[in-house]
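Some structures are shown below for you to check.
First subunit A sits with subunit B, and in the next complex the same chain sits with subunit C.
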Partner chain A sequence: MATTQAEQRVSPRAVQVGRRPARRARNGPLAVGLTLPALLIFAVFTILPTAYTFVISLFDWNPLNVAQSRFIGAGNYTKLFGHATPSFAASGLTSLYFTAGMVIGGTALSLAIAVLLQRGGALLGAVRVAVFVPHVTPLVATSIVWVWIFNPQFGLANAVLHLFGLSGVDWLDNSATAMPAVLAYSLWHEVGFTVVIFLGGLSVISGELGEAARVDGANRWQEFWYVTWPQLRPVTVFVVTISTISSLQAFTQFFLMTGGGPVHATTTLSFLLYQEAFVFFHTGYAAALAVVLFVVTALFTLLQFRTRRSSSR
Partner chain B sequence: MHVRPGGAPSHVRRRRRPAGPVVRRVVAVAVGLAFLAPFWWVVTTSLARTSDVYRFPPSLLPHWHVANYARAWAAAPWPRLFGNTVLVAGATVVLAVLTSVLAGFAFGVLRFRGRTALFTVVLAVMMVPQTVLLIPDYVIAQTADLLDTYWIQILPWGASVFGIFLVRQFFAGLPTELFDAAELDGAGRLRMLWSIGVPLVRPAILIVALNVFLGSWNSFVWPFVMTSSPAVQPVEVGLATFYGAQGTDWTGLSAAVTFTTVPVLVLFLALQRHFLTGAYSTAGGLK
Partner chain C sequence: MPQSPLTRAVAVLAAGVLAAGGLAGCGAGSSTGKTTVTFMETMSSGTLKSSMEYLTKQFEKQHKDIDVQLVVEPDYPTLRNKETAALAAGKPPTIGQAYSDWAATYAKSQVLVPLDGYAGKADVAALYPGVRSDLYLPSDHKLYMWPFNKSVVIQYYNQKMLSGKGKSAPKTWDEFAATAKAVSGHGTVGVSIDPGTSAGPAGGEAWFEILAAAYGTPVFASDGKPRFTSPAAVQAMTYLADLKKAGALSLGKNYPGQVALGAGKGGFDISSVASYFYNQQAVGGKFPMGTAPLPSGPAGAANQLAGTNIVMFAKASDQEKKAAWTFMKYLSSPDAQAYWASHSGYLPVTPAALPKMADFIAKNPYQKFGADALKTAKADPPYPWVTKAQGELAVAMQSALTGKQTPAAALADAQKQAAAEAKSGE
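Coming up: the complex of A and B.
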């Protein structure tokens, strides 16, 4: 009951704030009082710190004695194009690799699973829960499980290869397979969430168009490609943007599974940022990386807002 | 086979779709089992003798060797770590629900000057990822003497854009007349919010609470950077430390993974419908 109620409530039809009659200005003080607690927390821990990141990025920051920090202007930003190891460009490409894998792989996989599980009975409902479970598990705990799965001598991954007569791989210690392994784990962890979003989209699109296409002789693939998926376009764009944003921030699985290695092969921007700031204490340089990450994330968030607004019209 | 009323008659569907429901069910079950396999694998490992684990190909049947659990449990201050996690997650939930209901009511029901501007500010907060906040919030926490405390784990997450957004949508969906008693003063409005509004938006509150609780319980990089002593650290940071120290004791590690994850799984299985609704709600106005 609560489920259907909630689903109705969040539909765009429910968000017609405009039909409300105009209220008097004396709501002002009350409204300020009610929004103040949230705004205060945002101001202190998000908004001002974001501005502060820009400031820090302009300094040769001394984390042990802030007073000794030296203003260097754009110095940290020119360093982005220097020869640090791993370089900003290299870790940017690594981030792109991971993000592209998550966005393309995750969207395709979750769309396929959603189509497989749509409008099913109890059995398919149980599968839906099974696919979603990994998403609620802690990244630390399940990353450790997958390190063990990818163990070269005794792991499950190589046991599966062995079953098919293939020889084992040293997954996490090989720079060619480390990223695919982290991607496999991350897809396992994230896909359940996007499956549910696609299932939500599938549950409200028209079945009649599909029927019509089948009557006209379309096979199932054609029906999906020309009829079903185009109707899911807003949902797909949403999934792509939120996957992009969350993949850019991914950190925990890299920290536990690869430590950014081997030889920086899995050092993404987020991992580099952490390392520069909290391992090497290059705070100013790390802040410049944070600014770059912020700008990229902000652009994708704006894109998400745009698609959300245009799709709810 | 499950045919929905109003859908195509099943004989039509069966003729048009040679790869019928049986194949679909078999594939679906295979997908489900593939997603569950890592859970089976970690539980099996946690119950195996160390000598059994180092065999290839691995055995996939548990051996009920519970000594691994005793060893893992003794290796770290788990009760304290669990207590810290529950305290931090619980306090974050209370704070986030409170701020979400108050702000969500203001944005969803009241009309006031600057409403759109303020709401835009709230949405803009979504543009800032946690990773970006690590550095400045660390410096601020250092200055304010908040490092290695519960506070720095609770306060920054005590307001949630998703929470405000969802509660606002629930309020905006209620009939206008409910809150139309214009003669009420501010205190009257607050009483009305408590007695009429809160019960009506309870589904939203539950979704927000679950979301924030899970986010707090599962978070790692924030408490890892902001805290340094087990006295205030959450269980996931403790688990990462345990992994760093005992990285080769796979039976003990698997036991620790199991007993630290079971609480989350129990919570999920008890309230799975709400979790799925919550996931769906993040898509918000998408249709």
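Coming up: the complex of A and C.
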């Protein structure tokens, strides 16, 4: 106890003086030496490739024989607005469709599930696990499983429709149903994670405000809408932001379930980038696409920082 | 945290081991004094893998000074990516499987060796005519490829299902449509296909190309120009759209024809001869699986020479190139081809293999009529844009078969795209 009192008596100046060695340690050669390996790995695998991608985007790049590459300046970027089908704009809209579905649908669904599951108990605990489990399953394996679920001849989805006397649907081969089918799979896979985030948010908000609202005569919906959800604003912003970023980068399910088809109905920007880079080997054009996708994602990240800052004020 | 001398010693040792391992991994050449040939290929499963490994071992027994290392990739898109990545890194394999349009792209980038200096006239003459004509590139008319796994398309059918409807293997495409419609219904579909996508045309797209040729006009001219809007192409697409409307054709993914046939829910599978062992496995003896040549169209029989050739990359040393050619020539020899065809399902590239596999042909007649088709089957012309143009056809099929566009309109869109690609020369 004597030591504690002595510590309490130490002046702020003394604390600052006392921190100096720690600060020196953080900035000293040892600290730099210890950080260097991590920095080196980050530079080699992230920073340099990013810079190199930008350089490639300025060339008509021949990956087979770099000597045959030609500098074309912004040529690849201007091509983005006049390239053949599927165009950059059309793929951007497809990405937007998927992102809107995942962000609006995913946020609403996970919030609803979290509110339903927020009370404890063994059964609800088991349901929480069941909701989260799809998120930890491998995307590749479960995408293939869902291809079978949507198989028009043998799939579970059409079997359910047949039970109700409805005719089957070419889920993944019809341009009207392919994206909703991929969205259904993606929501199944992703919602578990955002439910856990909302549950975390719900566990720390004040219960007293809700109680007060109920005393004042608010019904369940009014309590949720006017009291609970506003308190979850920072969590909602976080969920919206990470859902947006991950949806813009989504690739695996499109690669395995639809291959960007039918008729380009699921060719998102990420898939278009893969197709141009690794199927058609239009490396320079693909690099330009990657740079634009990077800028769009970075803008959303900046937006996240700004929104979080303003909501925390 | 202060480090103990022991921790430091362990860290230094670990770093040393890692560095040594890394250096060993970068090492090139053989320490045994043998010439190493690396072969990047896709024979990754089933009898394809075991047959390839067997032939390689046999070759190494006969050529003690050559070590062949198989670099196996799971599928063709991955193979192309790996070959491209290896070329970009300046460390290509000695030889690799390649479709003719890949070879055209590689040759344009000057990373291939012409094989004219290795293959003699007699070597080339020993091959089937259809196979032979697929080895040269039109850019300089040089021999850049050597045949490896060649196939044509045949029809597989459920004999019990067809005879139940009083039908036998159809001889014309009109008969095929009538039979497919007759067996469809109650969960059974005449034929299931996967057209593929713009990123990767699949077997359904190959069938469309064959149909267009059977109606009178192949979809590519010999100079590679697309002819997707010809009356024959429109007729072929209309034929498939009618089957779909009648419920006799279904679209799917992951070899849907094989799956439906194997499950007893499909009348036919229109697929490569290389599917034979896979289809047999899928059927699993539940019913007798029939095989027959493809039906004919108004313009006669048409088929597509599919499969890849082998190319030699320019980076290899003269000694490696010489060893690689010895291996390539061995793979196309009558003995090796007889073994390969009998165990892999692919067709022999030389008629000289047929007498050596007489027993197999007697039990598996598809090999005989498949090999006969090699005399007339045509490969797609070797131009860099062909695969991309086939992707446009796959998109047109998706559009026309799901009723989004009429066959003519869907093909017109594909023609526009493909013509632009052909013009740009990509």
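Just so it is clear, the second predicted complex is superposed on the first by the 277 of 313 C-alpha atoms of A that agree within 3 Å, B and C clash if a C-alpha of one lies under 4 Å from a C-alpha of the other, contacts with A are read in each partner's own complex, and residues count from 1 in each chain.
Assume a residue touches a chain if its C-beta (ideal position, glycine included) is under 8 Å from a C-beta of that chain, and two chains touch if they have at least 3 such contacts.
As the structure is a computational prediction, the values presented were derived from the model and not from experiment.
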item	value
First (subunit B), second (subunit C), both or neither touched by A:Leu172	second
Partner chain(s) touched by A:Arg214 [first = subunit B, second = subunit C, both, neither]	first
Which partner, subunit B or subunit C, touches more subunit A residues	B
Partner chain(s) touched by A:Phe154 [first = subunit B, second = subunit C, both, neither]	both
Which of subunit B and subunit C A:His282 touches, first, second, both or neither	second
Partner chain in contact with A:Phe81 - subunit B first, subunit C second, else both or neither	neither
Contacts of A:Trp225 with subunit B and subunit C, given as first, second, both or neither	neither
Residues of subunit A contacting subunit B in one complex and subunit C in the other	63, 66, 144, 151, 153-154, 274, 278
Contact set on subunit A toward subunit C in their complex	62-66, 68, 84-86, 144, 147, 151-154, 170, 172-175, 258-264, 267, 271, 274-275, 278-282
Of subunit C, residues touching subunit A in the complex	77, 81, 84, 87-88, 105-106, 109-111, 187, 189, 192, 196-200, 250-254, 256, 259-260, 263, 265, 388, 394-395, 398-399, 401-402, 404, 413, 417, 420-421, 426
Residues of subunit A touching subunit B in the complex	2-3, 5-12, 14-17, 19-25, 27-35, 37-39, 41-42, 44-50, 52-53, 56, 63, 66, 113, 116-117, 119-121, 123-124, 126-142, 144-146, 148-149, 151, 153-156, 158-159, 162-163, 188, 192-193, 196-197, 199-201, 204, 207, 211, 214, 220, 234-235, 238, 242, 245, 248-249, 251-252, 255-256, 270, 273-274, 277-278, 283, 286-287, 290-291, 293-294, 297-298, 301-302, 305, 308, 311-312
Footprint of subunit A on subunit B - complex, ascending	2, 4, 7-8, 16-17, 19, 24-25, 27-29, 31-33, 35-39, 41-42, 45, 53-58, 98-100, 102-103, 105-108, 110-113, 115, 118, 121-123, 125-140, 143, 155-156, 158-159, 164, 166, 169-170, 172-173, 176, 180, 182, 186, 189-190, 203-204, 206-207, 214, 217-218, 220-221, 225, 236-237, 239-240, 243, 250, 253-254, 257, 260-261, 264-265, 268, 272-277, 279-287
